[in-house]
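Each of the two complexes below includes chain A, the first together with chain B, the second together with chain C.
Right, the complex of A and B next:
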């Protein structure tokens, strides 16, 4: 599984959108219906899956799938 | 026997002296402090504050859960000083307002918020001292700033200790959302807090692991995780970030946790997304850490669906009901006495009555009043009865059920109470926003906006430009707000809101999107 697919599979746990239907512009809260805690829990899963450490202050500014994916690509 | 938090803590200090009281993570390493050590640190803080001349004064705390935060809090409330816990995620201007309105003369500040130090000192004229919540010396110590470590060191060997407070003395002021858009400082006495701790019907063996995941400035977390937890000799483990809640359940392996419904909903998403071929026991151990037996929940309505689903994993979810004004627990389901869908029976120190369906509460945990808000206090406390703003009923077995709200307050499933007017006033500052109403939907806040038609016409804006312009403004607004006050959905209306004869927007009709 590619890193991007792994990432989208984690996203899919928290919403009803299938990984193949996700686009980089989709917003976690508004388009995917993430609650604030879903988003935090999702970020925690990213840390475990990709073995990265995320700074809470920075990650809370992330709005879209593309932004989160860029961050993972940058750190992992 | 007086009802003092000091009595409860001192008794635990003696009974459980070698039991671990607090565990926390420091760079992935687990650190701990036992009851004897917690007591020693607490006494040093108390003596230090007395020596610094803060007897009888109000002292604010800004920080997330930490051993430094809790020992400072205990040092304050076991003396004759009043603790004012504040939400670290609030914008600086709100924190400054609350420090000033609470008449705080000292502040314990987390190093995570160190960048606020200068602005707070310059805009809070009554503040005489800031204690940074860290053991090591502060980088730029000055006459107004020192570390908690320095405060405690200065009290080493000091003979004089603060006297015992009276049960009727205010121990803490907790800020809660007001329906007029201005938050109110709930004054809770020693007796209010101590009797709430004693009246919650739960006991467990000393050393039971409890993982604290809620914000410590909230009454529910502060009184139930920490004060109740300490009264039973439990080991309270600190969750370092909501990012790591599930991971830390595996690290600390708690038996008991307090959660808001939103947390239960999020964990359930993880459970239900797992491969169905994984045995339930394996999945449960993986997500809950392996030892979790009880989740107490409150702060917002929980769908009973989750109670059944979690029971399949051997985790009992017990729902309760409370509010800061009641220190905070009013009723709770218990291990031996529960009914799904209810919020349990009232505590033994709480009397329940109803006024047109509104739940009224009387008892030893009902607040003294709102700090310097006489009118609001009179409206809420009438003849000793606290008007909760919630509607409900007691069933034939004495279980309390909640079925609506009287006041205009949004209760999110993370337990946060949001005053829509407070947010609407801020959003209305944007010229493109003509009318706005904020509603709570799907675990978030929705802004329903009717654009200012004069601005739209003057700029010749098209529909998508209006949407983009307002969304950009909301994105900026969201950046300055804690997550629970962020707007997560935007609805642009084509027509104005329906209004009453006095030209006020009819809130109950805002979901009718397109009035003729």
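Right, the complex of A and C next:
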């Protein structure tokens, strides 16, 4: 599984959109229905899965799948 | 040999209360779910028994405490109990509610026993359904709502040929995942650092009571310490009363719209309302802590696995009266977002760290208010039942570990319900009236004029 698909599979655990239907422009809150708690729990899951350390200041600015994926790619 | 597991933090929280208050009553949770319709009780019994098979958390039991007082949990494979039926149809609905309230006060005493009781009920006015009484270590309120919906989906499947409900996530698998997360050393260190950093930056918290500064002053006298910053908790008289206030659909919509337009969550707006009230009645105190419950349910599996996933974290903010309402709301939101990111931490460890640092006396607290915001209505969401009147009601367990515990939920009519559970040892209905009245005045003043400072709002309301 590619890193992108692995990433989207995690996103799919939190919403009703299938990984193959996700686009980078999709916004976590408005398009995927994440609550603040969902989003923060999801970030914790990313940290554990990809063994990265996300800085709180940076993650609070993330709005879309593409932005989160870029950040993970940058750090991993 | 069945697997035995330690308790997760949310369960440990309830178990700690049971030990501290010396009664399992503090961990009871009860609800009745009924429909104004004749029910096939033979079929309902089958569905309830099937639910016990499907929803693993209902088969959860606890071992005898070891020499340190710690217990383990395990899931029994089969629980083939009979489900009794009680006929309360000859009473008024209020009398039936009173009787069920008495059932809610009952305790589960013993080790290695079922911690859940189900009774089918024939209620007055043509309502029929079931009453469930459980230990909170098995389920939280979200888990109960999921369970009730699943039972009714089973019933409508067998009765009307509706779709068979989707499988529920395996409780044991989710439990194992949770325990693995809790034991992740890297994550633990990061979470601990977050909570320790907060204490490093802000120092010891300061108690703020609903009734004003006199409560802390009394504790200071009792402990002979004029600098004490925590107040005593009630250990003996845990009797609780409940006062509900209903906010109509239109003002509710105004609050919801404000949240949507400013990308705020309702929890944070409510926290701001409570903290501003506490500040107002405590001479403008800026350092306020409120315990806020969060339900750790984000993934599909977490939503449908049942279990107790609701846990409270202290939301501490130091906000000056010169801060504008909206800016204060964002400050709370930032604090809460960070808490969510570190929400896997066991809150008992935060209290332990404070005891270590500040020598906080036993049985004292820094918080007088506890908040739960429940966006999910207690409603059987089933297309086959959509036109049938329902009577669902939560029953308080009658023993409050907290001085004031506010549950805010949305009603089917589009309004909001503010349910204040308060210890009668120290509080009266009038205290709740004041709290609700000022909370509303503060919130509606704030959303009407979000640039107004908290100081001005406190003065004007």
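Structure notes:
The rule we apply is simple: the second predicted complex is superposed on the first by the 76 of 76 C-alpha atoms of A that agree within 3 Å, B and C clash if a C-alpha of one lies under 4 Å from a C-alpha of the other, contacts with A are read in each partner's own complex, and residues count from 1 in each chain.
Simple rule for what comes next: a contact is a pair of C-beta atoms (placed from the backbone, for glycine too) under 8 Å apart; a residue touches a chain by one contact, two chains touch by 3 or more.
Keep in mind that what you see is a predicted model, and the values were worked out from it rather than measured.
Of the two partner chains placed by the overlay, only chain B lies in contact with A:61; chain C stays clear of it. By the touch criterion defined above, A:43 reaches both chain B and chain C.
Touch counts on chain A: comparing chain C and chain B, the chain ahead is B.
Within the superposed three-chain model, A:33 lies in touch with chain B and out of touch with chain C [touch as defined at top]. Of the two partner chains, neither chain B nor chain C is touched by A:3. Within the superposed three-chain model, A:13 lies in touch with chain B and with chain C [touch as defined at top]. Common to the chain B and chain C interfaces on chain A are residues 13-14, 29, 35-41, 43-44, 47-48, 56, 59-60.
Residues of chain A that touch chain C in their complex: 13-14, 29, 35-44, 47-48, 53, 56, 59-60.
Against chain A, in their complex, chain B makes its touches with residues 241-247, 262-263, 265-267, 269-270, 273, 413-414, 442-444, 475, 479, 483-484, 486, 488-490.
Chain C meets chain A in the complex at residues 181, 184, 187, 190, 263, 265, 294-296, 298-301, 333-334, 336-338, 340-341, 343-344. Touching chain B in their complex are the following residues of chain A: 12-14, 29-30, 33, 35-41, 43-45, 47-48, 54, 56, 59-61, 63.
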